[in-house]
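What follows is a set of structures to go through.
Look at the two complexes coming up: chain A is in both, with chain B in one and chain C in the other.
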Partner chain A sequence: MVFSWLHLAIVLFLLGGLLFGVGPLLLAVLLGPQAKGGDLGMPFECGMRPHGSSWVKWGISYYCYALIFLAFDVDVLYLFPVATAYGSTEGWLPFVKVFIFLFVLGISIVYFWAKGVFSWPRRIKL
Partner chain B sequence: MSIHPQLLHLIIALIAVMAWVGLNALVLVYFERKGAGFIQRRPGPFEVGPQGIIQPLVDGIKLMCKQLVMPTGADPVLFWTAPLLSMTPVLLLFLVLPYGPWLTGMQIDLGILLILAFAGINVLALLIAGWSSNNKYGLLGAARAVAQSVAYEIPLLLAVLAVAFTTGTLDFVKITEGQGPWPWQWNMVYQPLAFIIFIISAVGECNRAPFDLPEAESELTAGFHTEFSSMGFGLFFMAEYSYMVVVASVASTLFLGGYQGPFGSDGWWWYLPKVYAILMFMIWIRWTYPRVTFVQLLNINWKWLLPLGTVNLLATAFFMKLF
Partner chain C sequence: MELMAKIAFWIYALIILGGGIVAVGSSSLVRALMGLISTLVGVAGMYMLLGTPFMAFMQLLIYVGAVAVLIFFAVMLTDAHGRGDESEPAPIRQHLFALGAVMAVGGVLSWLIMNRPPASSLVPAEVSIEQLGHGLLESYFLAFELISVVLLVAMSGAVLLAWEKRGKK
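== the complex of A and B ==
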């Protein structure tokens, strides 16, 4: 792999961002008080003692949307190279190809819509 | 031994971006509070300095002088990773934004892709923050943040793609130069629907009111950053404002002609008013509209923005072939 100026810039800026975050945190450690004890370490749930840990199994009914997201996000990514080349193409064939691609994507939305996913039921039957 | 000019350029850009991010956080906090005050018919910050202008700086110093508290049941590694992870990619996003003809960190072919890729890391930071703090409010906020960001990313991509189709490039400088200095030569005129979709989903991506469900104060105290005190909270806050600036900059580059000015007067003096106009707009709608419910939020996205974005992209491709 060739290490280009862009890679250097990305590494440099990420390091800069890290410093930009670590600096204020360190300052806060140095300047802030160091109180201990009492209920300081209790999670803030409006003053009441929490009932158990929050790391429990609970139903996220969003996983269907995560699936649509994956379908769209990955497929839309394929359109970025198309976008750069589309302007210089000739004839209607490229449009037909883009149309088929987006049409199939659109069908996924229609499918989920028809299955009642967007009426937000507790359980989704597919 | 002399420093390579490209390296020097990068280091200067990095320092400038650092100053710009820090300054923007202060200025935007002030504008936000003054704007809120104006809309709610009260003076806003008033005591510290003339018209309260030093208030954000004093607040920042106050935040630094508070104790960093971590709940006893939390996951320490992830708990401290989260604010850093939120802040780390922010500076990189400014690398490719053209603030002026010579005021660009680096001109690369894949500018849009770089911003989209690294801006996505913030979602992970919010998820880690909410989950690791072992707080039920935090957990709910994190789940909401993920569902929302995931949903609003797609219309954002589709709106950006529509512009990329018409300009045929992913390079911010070339997109800017593809537009003219006058408002009727901007991409906004050719892509009005994409512009509206972009602005709405940008507000959703930034977790700003009326779409600030991940930190809805009235339901979740503070959502994913409930347990973060002192600068832990400060970093999330600063990152959020920086993402707003990035989104506004991207919008003004893609749709509002970027740094171009009439009669060859290109420069940041045209760019900044556009960026700040969009930021002011975001502040304005934050204090005007009530918060939507979560189902409404997702329905706006899946039932309106996404089909409209797809149709818009198809129409763009069609009209490009027609003319």
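== the complex of A and C ==
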């Protein structure tokens, strides 16, 4: 197993972030007045009484965007190592290789554009 | 540092196990997903211990950053209010079967690691990002290009299935 100082630094920053989030909650429990029941369990909506439950079904557009985001995220996974190695390569061949990779992804963006994915339609047939 | 690595290993193992138990046992889908996210963060920590920080960061970027958001959107599409047919507690026999399945897989894997340890198990060989990039550009060039095609097919397949405007057909 490898334990580097970078690792320790990341753990310390994560702990700092955790304290930042959990600290106020703990302080609220310890110092704040205790109250129970009533409207406390009500979903908050700008001070008005909400209609129906807090569980709303959302459009499938969000899911499509998340899927496309996931696919481009996986692209980034491969582009990071290639981008670091690119500086120490010679000739046109690496450029052509990276260009093919990015061109195929560009085709997908053109396809989504033509299909109207970026226009956020109100109603989609399921 | 050796002691720190062992402490970190046990903390990550606890995070993974605890997150897994929350993910399986929670009746609320959102809480179960939070358990899954903490499991994935723990696995990222394990990657750090294996000497592959790049894999750890990509685990955070892709699994915690994208897959978790994707599952959240999938949960938002459903009508899962926690009072459905599956909300009743499962019979004890089912729990025993699940435990048996876990023990079988875990037993085989741990037996293999105990008896046939790979040479790199004690001191993992570190591969730099630049070496990975040279590999992708030279030896594994075809695989690198095919990945983009696979991702193109995956994305356009999802859009083709879900993205049909109402009233067009």
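Quick note on the criterion: the second predicted complex is superposed on the first by the 105 of 126 C-alpha atoms of A that agree within 3 Å, B and C clash if a C-alpha of one lies under 4 Å from a C-alpha of the other, contacts with A are read in each partner's own complex, and residues count from 1 in each chain.
In this text, a contact is a pair of C-beta atoms (placed from the backbone, for glycine too) under 8 Å apart; a residue touches a chain by one contact, two chains touch by 3 or more.
If you're wondering where the values come from, they're calculated on a predicted model, not measured in any experiment.
A.B. asks: Quick check for you: in the superposed arrangement, does A:Trp120 touch first (chain B), second (chain C), both or neither?
C.D. replies: So A:Trp120 only meets chain B here.
A.B. asks: For A:Gly21 in the superposed arrangement: first (chain B), second (chain C), both or neither?
C.D. replies: A:Gly21 sits against chain B, while chain C stays out of touch.
A.B. asks: For A:Met42, decide between first (touching chain B), second (touching chain C), both and neither.
C.D. replies: After superposition on chain A, A:Met42 lies in contact with chain B alone.
A.B. asks: Touch test for A:Gly32: chain B only (first), chain C only (second), both, or neither?
C.D. replies: first
A.B. asks: Using the touch definition from the top, say if A:Ser53 reaches chain B (first), chain C (second), both or neither.
C.D. replies: both
A.B. asks: Across the two complexes, what residues of chain A are contacted by chain B and by chain C?
C.D. replies: 6, 8, 10, 53, 55, 60, 62, 66, 68-69, 72-73, 76, 80, 83-86, 88, 94, 98, 102, 105
A.B. asks: Any idea which chain A residues touch chain C in the complex?
C.D. replies: Going through chain A, the ones touching chain C are 1-4, 6-8, 10-11, 53, 55-58, 60, 62-64, 66-78, 80-86, 88-89, 94, 97-98, 100-102, 104-105, 107-108, 111-112, 115-117, 121, 123-126.
A.B. asks: Across the complex, what residues on chain B touch chain A?
C.D. replies: Spelled out, the residues of chain B in touch with chain A are 6-7, 10-11, 14, 17-18, 21, 63-74, 80, 83-84, 86-92, 95, 105-106, 108, 112-113, 131, 133-139, 143, 146-147, 150-151, 153-154, 157-158, 161, 164-170, 221, 226-227, 230-232, 234-235, 295, 298-299, 302-303, 306-307, 310, 313-314, 317-318, 320-321.
A.B. asks: Along chain A, where are the residues that touch chain B in the complex?
C.D. replies: Residues 5-6, 8-10, 12-14, 16-18, 20-22, 24-25, 27-29, 31-35, 40-46, 50, 53-55, 60, 62, 65-66, 68-69, 72-73, 76, 79-80, 83-88, 92, 94-95, 98-99, 102, 105-106, 109, 113, 118, 120 of chain A touch chain B in their complex.
A.B. asks: Which stretch or stretches of chain C touch chain A in the complex?
C.D. replies: 1-2, 4-6, 8-9, 45, 48-51, 53-54, 58, 61-62, 65-67, 69-70, 73-74, 76-81, 124, 126, 129-137, 141, 144-145, 147-149, 151-152, 154-156, 158-159, 162-169
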